[in-house]
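Please read through the structure below; I'll follow up with questions.
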Amino acid sequence: MTWAPLVSMSNLGVVISLAVIGGGLLWLLYRSLLAKEVDRRVIFLFILVSVAAPLLFPMTFEEQATPVVKAIFDKIESLPEGSRVLISFDFDPAMAPEVQPMANVVTQHCMVKGHKVIFMCLFATGQALLTQSLELIVSEQFPDKVDGIDYVNIGYKAGNEGVLNVIVSDFKKMFPTDVNSVPYDSIGVFKGIRSCKDLDMVFTIGGGKPGVKEWVLFVGDPGRVPVAGGVAAVVAPQMYPYYPKQLFGIMGGIKGAAEYESELRKTYPQFHDVDAPGLRMMGPQTLAHMVIMAFIVLGNVSFIVQKRRDRRRKR
Amino acid sequence: MKRSSVIILSVVVLLFLASWLWKASTLSSDPGIVNAWGQAFGITLAAFLTLAILSFLYRDNPFYKFAEHLFVGVSAAFWMVMGFWSTIVGNLVPRLSEGLSSFFKVPFDRFAVNYFYFIPVILGILLLLRLSRDAGWIARWPLAFIVGTTAGLNFIRYLRSDFIEQVSSTFVPLLVGWQGFGHFLDNLDLSATGQLALTVGNWVISLGVFCGLVYFFFSKAHTGVFGAASRVGIWVLMITFGASFGYTVMGRISLLVGRITFLFKDWLGLIS
Amino acid sequence: MRREVPLAITFFVGTLLIISVFLPPAEGLGEDFTVFFDIIAVFAFFLGGGNLVRVHLTKLSRRKEDWPYSIVTLLGFALMLVVGLFKLGNPGGIAASPTTDGSYFQSIFDSVLLPLGATMYSLLAFFVASASYRAFRAKNREATILLVAAFIILLGRTPFGMALTGFIPEQFDLFQVPNLAVWIMNFPNLAGQRAIMIGIGLGVVSMSLRLILGIERTYLGGDER
Amino acid sequence: MKYLLSAVIVLGLLAGAVWAQESDQPSTAAADTAVSADTVSVAPPAPVGNLRAYDSDNDHGHAVTLEWELSPDDGGGDNSVLMYEVFRWYPYFWDTVQEVRAELVTARQRRVQGTLDVEGDPDDYVKELVSRHTELLSTLPEAHEQYPDDGEFRLVRAVPAGTEKFEDRGPKDRLAEDFLPDYCDFYYRVDAVTIDESVRTPSQIVGPVQSYGQWFNTGRIVVLCFVLVFGLLTILFVQRARSGAELYVRPIAGIEAVDDAIGRATEMGRPILYVLGLGTAADVATIASFTILSRVAKQVAEYQTQLIVPTYDPIVMSVAQEVVKSAYLDAGRPDDYSQDIVYFVTQSQFAYVAAVNGVMLRERPATNVYMGMFHAESLLLAETGAIAGSIQISGTDQMAQLPFFIVACDYTLIGEELYAASAYLGREPVLLGSLKAQDVAKAAVVLFALIGVIVTTAGSSVFQNLFKVTD
């Protein structure tokens, strides 16, 4: 990557907000050189500005898909039309801003490829988000897809990994009906599917427990089902030990979603006009990272100055 | 109440009403929206509750206290309701009672009835006895059932996925495509350095896991060679923690982006 | 009765589940047990609800500090419970999912629970920054390692990492910051994670065994009864 | 009828061939335009090789595994194979079974809805159908013995190119449409299919093969060995500890700090906040935390400091109440115990955090102890605690949260240290004994890893296979 994408911020608002943040940091540097600590409220203010400003005056950056993300894209791309994919929404509203874009972009991809998708969730609060995604992606962008034939929403069941323990060998026992009380046997998507072992792949999106790890432990390993995961950035490093043996791909945080969106746009240009929340959110990310790094430097500057002073005083 | 707090409270209430009115008038201009007043109220409430929580960053205050207490009450009821409808009505009732099934309008199949499902019901009721002072000890029975189930499940799962699989993943080759220094220096290109990176990486994994495990050894004092290995173990752990922390920052910022987007877009309409 | 029965239950259930893993015909049994577990878990929600009401009524009746806020909690609890259990305003009636769009339950979720939860979570963005400022200081060797690792990863997650080290020739691209960040995540980070995981795995296995054998019994509370 | 059908197929194939030939001779005008996939003619691919079928291992029946070698035109050669279609031979008798099954399922559904309209008792009607269905199923093996008469091959499933293995697995439920009966002679065929579905090459037919259930899952024998070895080790060391052998456990910094922190709280006259995390009463971290809580509560009772324990899980709450109560009793101050020490907040992650954060800023505890299972709330709690100026000691087995605790707290117990702490504090021989067993297992891991790395570096995967768990 070069400096090129940053040149697009010729907007006046961007220049002003960058000047404010930069100037503020310089002033804090001066104070740190006098060994003065920064009040936490000032730090909070900087974070607020560095996130809010790029939202008002947008900047976007091009993303290149890393192999762990590309693996998921390639797998979905290579499955024949009509393959059975399970997408599990294992997150709550609080995690949603970070992980829902992944769920949406993978749903888009499966729909455009014509796969048959089973949607479910292990978090009670995930059900509402699942409904939201189905409306936003399936109903709006793929109006010809029919509930029950092209996709099915089987919703939430309490029991965390217990649910997985059951569906790895028997779906119907745990999900006798879908969310609209349609009996299991009259749902077209489930034709020929008895358990998770009959699925072509599972994509699970989650950041807590139960989440991707439980899918690996309770479904992927015992059922030998290909599992890929989309996780909050915080959980991603924990998932690396499972890659590529137990998890064939990992999307970590909003950057993972942005990479997938870039990849989808490259292959299916029709998505260029569709909102890509991952790409949109990378602007504030970059700025906030810079601010946090600046504060780490500031903290060390004042720490070193203070230490020198103490040493001088001792002499 | 102090006079200043009364003034602040009334200003906030006025702002809330103003926001509601303004939002309702903007929403009602859109013909696609059915219940503009209701929706405007919902969005305004959500926005004010968001601000109430954010105000905690400055310091504890009555608005935060209000939001906190509301949150506690509503969330507790939310989980009870979800558990009731999805598990009790969804999974239990159709297996036990025809009358209740038809009452809740869930499909009932008399050939799928399984009276074993009375066991969890009984254990669940025993659990509720905890609320009583004298019979509270009976609640240990369902607790024992829960502990036994989890222990049984965990025992195998962790042994298998976290232990056996992790140990076998540590068997990495310490030389990857290595053909000697001379060969390496002669062909100094991308693939050669890539292999070097992999080789060094595998050394790091082997030694790192080794030293890390030494740190977690409890039966021996950490002195001498053993102590040195354990110190290296701590360094490896520190890299892990630092790296994980840095990697997480992105996710945390996203969450804030989500909230601010809500305020700017759904509430104030500043961005589209 | 108070001690022996629970220990026997734990032993029986735990052993049964372990055995069922090895015997294919017994697989269904383990599944039924986990379904039971879920049903009991729902009863625990009710136990929680009862406790919540008790705690806040006590606060209210004793006029403890901040007691008026307990009214907020109790009202919120009652409102959500009534709206959810009776599926008030649910366009699909009693057969529909409680979270159907348009039901009062879903509306309260959208305008109260969702913003509160998400905002509480988003406070982490601020706390990550303040913790970085406070704690990432080169005080000693361990702290310095922590600081350097975090800094490289942070830099690698921005376009500036590449901009600063893009001059490094392709053969040594490992030392370009974004690649270095990936390398740290994939190797030293993995090693640390694995050491911790193996330790935890063993710990969990050992604790499960202690529980099944009845060696560990703190969870049953004191001996006095 | 059959003749007519075959005539139509032959005609169709002829027409296809003619049309394909025509498109084989592109006009100069057409050469510039892109050729879409369905107008391309494809040569029939080579068939898959060495098709084998056997009963799936280690299950309870109702499954047959097929394995084959990829067609040379899959990934090489013409690269024309798009997918494989797996066919199984069905006797026509199967359709009779299916008819009765369908009738039975509908009758049951109608019975559920109360719309079953038959003469006599509807339940008897259903029962009769059930027995007819059972009878038919019992004669199914005989029908399969008639192969290849009175039956045909039917599609089971299509799998993408590159697949070398397929498990034909049916449900145990005999009423399912795709029920796969045990002890019947099955015959299979796998077709290599190109983009034009009519261009395909069938494999040789494999069979007969039967599916049946096994009593023991041999694929998990490695796990069983570990279970036995580890169980024996634990029992051995517990016995040794019981018989009075002295077992050394190294000091753990975080635990030593707890004692000082309680002293500090007493001096300052401020309370101690103990957070058990979000785990359930069955989670290992929570159980370890109960032991530490017991110790803290005992000291608090001795020093007559105030203790606050807000809990997330109702069951954890009731256990914690008993633990604290008996700790006060042990300390000889049962009168100081009050029901308000341990209380329930809510079973919702962030609502719980909001409430605990409120407690921290209002009660200003001198010390915060976080032990147990934590998720995203770790840093929210620890940073608020830092703002309130409390000493903070934490411990968790959640990998993702350890970095935050390390950064924001004064002392942190890392993963296994938390479990060890409970043994260390309890000082009970049985706990120390099982800790020793853990250490021995760890030493074995190090040894295994050492051998494994050397063997793998030498280029052999023998050792890796030894640790393989199949399913």
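The first chain written gets the first letter, and so on, giving A, B, C and D; residue counts start at 1 in each chain.
The working rule: contacts are C-beta pairs under 8 Å (C-beta built on N, C-alpha and C of every residue); 3 or more make two chains touch, one makes a residue touch a chain.
Quick caveat: nothing in here was measured; it's all calculated off a predicted structure.
Novice: Where the centre means the average of the CA atoms, what chain is farthest from chain B?
Specialist: That would be chain D.
Novice: Given the contact rule stated at the top, which pair of chains has the most C-beta pairs in contact?
Specialist: Chain pair with the maximum contact count: B-C.
Novice: Just how far, in Å, is the C-alpha centre of chain C from the one of chain A?
Specialist: 18
Novice: Roughly how far is chain A from chain D, going centre to centre by Cα mean, in whole Å?
Specialist: Averaging C-alpha atoms per chain gives centres 22 Å apart.
Novice: Mind checking the centre-to-centre distance between chain A and chain B? Centres are C-alpha means, answer in whole Å.
Specialist: Going by mean C-alpha positions, chain A sits 14 Å from chain B.
Novice: By the touch rule stated above, which residues of chain D touch at least two different other chains?
Specialist: In chain D, the residues touching two or more other chains are 172, 223, 227, 230, 281-282, 284, 287, 314-315, 318-319, 345-351, 354, 362, 376, 399-400, 402, 404, 406-407, 414-416, 420, 435, 438, 442, 445, 469.
Novice: By the touch rule stated above, which residues of chain C touch at least two different other chains?
Specialist: Each of 18, 21, 27-28, 34-35, 37-38, 41-42, 44-45, 47-48, 51-52, 66, 95, 97, 109-110, 113-114, 116-118, 120-126, 128, 130, 132, 134, 136, 146-147, 150-151, 154, 157, 185-186, 189-190, 193-194, 196-200, 202, 204-205, 207-209, 211, 219-221 in chain C touches at least two other chains.
Novice: Mark out which residues of chain B touch at least two other chains, giving numbers and ranges.
Specialist: Touching at least two other chains: 53, 56-57, 65, 67-68, 71-76, 78-79, 82-83, 87, 91, 105-107, 127, 130, 143, 146-147, 149-151, 153-156, 159-160, 163, 165-167, 169-170, 206, 209, 213, 216, 237-238, 240-245, 247-250, 252-253, 255-256, 258-259.
Novice: Flag every residue of chain D that touches chain C in the complex, lowest number first.
Specialist: Residues 58-60, 172, 213-217, 220, 223-224, 227, 230-231, 234-235, 238, 281-282, 284, 287-288, 290-291, 294, 313-315, 317-319, 321-323, 325-327, 329-330, 340, 343-351, 353-354, 362, 376, 379-380, 382-383, 386, 397, 399, 402, 404, 406-408, 414-416, 418-420, 422, 426, 430-431, 434-435, 437-438, 441-442, 445.
Novice: Name, in rising order, each residue of chain D that touches chain A in their complex.
Specialist: Chain D residues touching chain A: 82-83, 105, 109, 157-158, 160, 162, 167, 169-173, 176-178, 349-350, 375-376, 387, 399-400, 469, 471.
Novice: Could you please specify the touching residues of chain C with respect to chain D in the complex?
Specialist: Those residues of chain C that touch chain D are 18, 21-25, 27-28, 44-45, 47-48, 51-52, 55, 58, 65-66, 116-117, 120-121, 123-124, 127-128, 130-132, 134-136, 146, 193, 196-200, 202-211, 213, 215-216, 218-224.
Novice: Where on chain B does chain A make contact in their complex?
Specialist: Those residues of chain B that touch chain A are 57-58, 78-79, 82-83, 86-87, 90-91, 94, 105-107, 153, 157, 160-161, 165-166, 169, 240, 243-244, 247-261, 264, 270-271.
Novice: Write out the stretch or stretches of chain D touching chain B in their complex.
Specialist: 108, 111-113, 123, 126, 222-223, 226-227, 230, 247-250, 252, 280-284, 287, 314-315, 318-319, 345-348, 350-352, 354-355, 357-358, 361-362, 399-400, 402-404, 406-407, 414-417, 420, 424, 435-436, 438-439, 442-443, 445-446, 448-450, 452-453, 455-457, 459, 463-464, 467-469
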